[in-house]
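Down below is the structure, laid out as structure tokens.
When the chains are written out, they are named A, B, C and D in that same order, and each has its own residue count from 1.
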Amino acid sequence: MTAEKTKLTRQQMCDRLAMEFQDGWIVNLGVGMPTLCSNYVDDSREIINQSENGVVGYGPLAGEGEEDRHLVNAGGQHVTPLAGMGIVHHADSFGIIRGGMIDVTVMGAYEVAENGDFANWRIPTRKGGGIGGAMDLAAGAKRVFIALEHTTREGEPRLLKRCTLPITAPGVVKMVVTDLGLFAITPAGFELLENAPGWNPEEIQELTEARINISPNLKDFRFRG
Amino acid sequence: MKNKVYATMDEAVADIPDGSTVMCPGFSGVGVPRNLLAAVNRQGAKELTCISNNAGTLDELVDVGTLVEAGQVKKMVCAFTAPTHPSMVTPFVRMYNEGLVDAELVPQGTLAERIRIAAFGIGGFYTPTSVGTELAEGKEHREMNGRTYVLEYPLPADYALVRAWRADKFGNLQFRLSQRNFNPIMAMAATTTIVEVENDVLDIGEIDPDQVHVSGIYVDRIVKIPDDGIWDGAKPGL
Amino acid sequence: MKNKVYATMDEAVADIPDGSTVMCPGFSGVGVPRNLLAAVNRQGAKELTCISNNAGTLDELVDVGTLVEAGQVKKMVCAFTAPTHPSMVTPFVRMYNEGLVDAELVPQGTLAERIRIAAFGIGGFYTPTSVGTELAEGKEHREMNGRTYVLEYPLPADYALVRAWRADKFGNLQFRLSQRNFNPIMAMAATTTIVEVENDVLDIGEIDPDQVHVSGIYVDRIVKIPDDGIWDGAKPGL
Amino acid sequence: MTAEKTKLTRQQMCDRLAMEFQDGWIVNLGVGMPTLCSNYVDDSREIINQSENGVVGYGPLAGEGEEDRHLVNAGGQHVTPLAGMGIVHHADSFGIIRGGMIDVTVMGAYEVAENGDFANWRIPTRKGGGIGGAMDLAAGAKRVFIALEHTTREGEPRLLKRCTLPITAPGVVKMVVTDLGLFAITPAGFELLENAPGWNPEEIQELTEARINISPNLKDFRFRG
């Protein structure tokens, strides 16, 4: 039986990374796609969400009319207070980050390389860059997970031998999810752990610049529920 | 002791001269000293260097971008000099691209710590952040205990404009939830610290000493936000 | 999530091995984790390096000096290695003079900042403190903006023993008045942080998020001080 | 009329330094003699007492039975809370100190030199030293005032050309009070501003190693009240 060839949705991609979070982990989710990780619920564990603005232990997004104007996550979304939450100022917040207290940070990226480099802050053809807390998180977190489309809109690969864009940090990425599958980055480079439904490793390799090693335990992509 | 309570935002910022360095806290729209920024905009000081997490947004609310758009800012020191999405062309982005305003791009945690050490008399610190990136080029590197760091320097300012939740007449401050962000460290780092406060200014002694977020020794001027001030859409006095 | 609440001081310190580096806060007798120190004394770990403002006093109360006197301490890192008055010969002073314990003398503010940067992932900082004195000899000097600084390094630890006023089950901590002193920064800097708390351990959510002095992410073990514990002369539960 | 030759008491010495404190000053008083400065009351001004353990704005010593076991000054004396008091942790407290927020620190010393050096932490014949916060205060405070006896118990001078003991900080002392008078330290060295009752400048010079300049406005020592 062959599954129908399907690309993963952003929510499915983020769900899969969120499944890796362990009970008690302190998690920092980047603005944009990575915030979808918080939609994956697993009652058997507790996750502590930290955001750059010094909120430790915030809860789900606030519903309509439920917003507290003083409480937002790093992306400016209104979140709800969770019992046990605590607030610190910005220097102390990055003390948490730089000090290695974040178990995992999930970020988006333009490119990831087989040596663990990634790039998400600057396109050289445009002036300036948007770093925010990305370089601190990349340098400080225990694990960096990246969620990104497997190719650009033009079909160019984003999983590369070496990044072509200015990198955010060297050699830090441990896990990558794309719309085609889940990858670890090991000393040997990308390792395909799970493939999207209907996609075989050769097809994924064709859309990838870097060489992809195939896990001896290659599995079907794991979905929520 | 000198009275620190001012009647209006305009009086509180009246003496900020051209060429000043001004700290502007706030993060994702919370804890932004919008009333003081509006007063600085009215006051018209020019050639400012502004230290802020970002350089303004696309919304209509007054923020540091308002000063940029008005041509009052010579240079931004911030963690974002390009939009997170190419479609988000703020006044700053347009003016930066056109060379009308200068900028120094600083990783957010480095920005926060540079502000803190400016307050605390430290001459420099070594951070692992940005090592191996374009941003570390030209910076002094040092390996310690098997890890590579770059040297970063203090970032002081002449003025900090601060938004607080509660203040007493001595200037002890409290912030609410994510309003805190850059406010305390900027309040401590600037030579002159000017605070807009959401609640009525309290008598000295009304804030629990264990719950003071910024000591009044750092605060020079306090103004209650008037009912017709900028409340970020919430009712006055929340 | 893992349960952090321990029933007894002895259980909470049971696994501290010989050779550990242990942070011991407290200042002028306030905020000293006397119950945990008494438990470490009973437990008997040896060859400890202890980081503390001082190395014990002449009073009868349990403090880091108790461990020194018991021969459990190899080295003290502290701001006082000689008594403030020659008549105040503590067990540490006697043993230090006899070469039975080693010590590193650190100015108090440098001690505090070295602890903080150990918590916060900073590789070193430049301070003006001690420049021009015997204590700066052999340290790297640097002139910046017309002022001379010396480079100081992080001071991490395996364990911090902490005394708090209130704690919730997650480990969020509050301190009362000058009890705070070194407690928060040591709680943040150590790999394993063990807290003795004066009030009953609170349910999660009972501490106002704006009034958390140390986030529970830094706290590993919490023990309520029993009624027959060491209360510094005050009634239990004050 | 000649005043009777009198040495100043420690309280009179500290009173005199305290008279220099200006309204709104943030003051750090060293353990021991300098704490006597807080006994000088002048209702026309407010002084903010800061201590190394992070208390900003504490009040007078606590009376018998009035002690709060959680509130002490740097010398471990129980003090009373004053309205407006605020607490910070030790790193932030020395941030206040190193950051130049302390208008004046008053310390005791073994020796002071005409170049503004002073020594108060170590006697080389004894092992170790007691620094506490002295080096941070000396390097960080806007002004360093020193209170000390004019000579040692053996009659040796303490106001020297150069310190013989290991110094606490170079060139920072601005004002010195001894039991014989009040002195400024200027680029030209010690300047006698006020002499103790019955002591003429020549007599004071005889007990001093450094050369003493005499203020053109030399006055009688100013006492409380």
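As a working rule, a contact is a pair of C-beta atoms (placed from the backbone, for glycine too) under 8 Å apart; a residue touches a chain by one contact, two chains touch by 3 or more.
Remember, it's a predicted structure, so these values are computed and weren't measured experimentally.
Enquirer: Does A-B or B-D have the larger number of C-beta pairs in contact?
Expert: More C-beta contacts join the chains of A-B.
Enquirer: Would you mind pulling out the distance in Å between where the CA atoms of subunit A average out and where those of subunit B do?
Expert: 29
Enquirer: Return the distance between the CA-based centres of subunit B and subunit C, expressed in whole Å.
Expert: 34
Enquirer: Where the CA atoms of subunit A average out and where those of subunit C average out, how many Å apart are those spots?
Expert: The separation of the two C-alpha centroids amounts to 37 Å.
Enquirer: Residue numbers in subunit B touching 2 or more other chains?
Expert: Answer for subunit B, listing residues that touch two or more other chains: 113, 116, 120-122, 127-128, 175-177, 180, 209-210, 213.
Enquirer: On subunit D, where are the residues touching two or more other chains?
Expert: Subunit D, residues with two or more chain partners: 81, 87-88, 94, 97-98, 140.
Enquirer: Are the chains arranged, by touching, as a line, ring, star, complete graph, or other?
Expert: other
Enquirer: Give the list of subunit B residues in touch with subunit D in this complex.
Expert: 1-2, 116, 119-122, 168, 170, 172, 188, 203-205, 207, 209-210, 212, 215-218
Enquirer: Using the touch definition up top, name the residues of subunit D that touch subunit C in the complex.
Expert: 31-32, 51-55, 68-76, 81, 87-91, 93-94, 97-98, 122-123, 126-136, 139-140, 166-171
Enquirer: Across the complex, what residues on subunit B touch subunit A?
Expert: 27-31, 53, 79-84, 86, 93, 96-97, 103, 105-110, 112-113, 115-116, 127-135, 165, 175-185, 213, 232-234, 238
Enquirer: Sort out for me which residues of subunit C touch subunit B in the complex.
Expert: Residues in contact with subunit B: 113, 117, 120-128, 142, 144-145, 147, 149, 153, 174-177, 180, 209-211, 213.
Enquirer: For a test of understanding, state which residues of subunit A touch subunit C in their complex under the given definition.
Expert: 23-24, 26, 45-46, 48, 50, 56-57, 81, 83-88, 92, 94-101, 140
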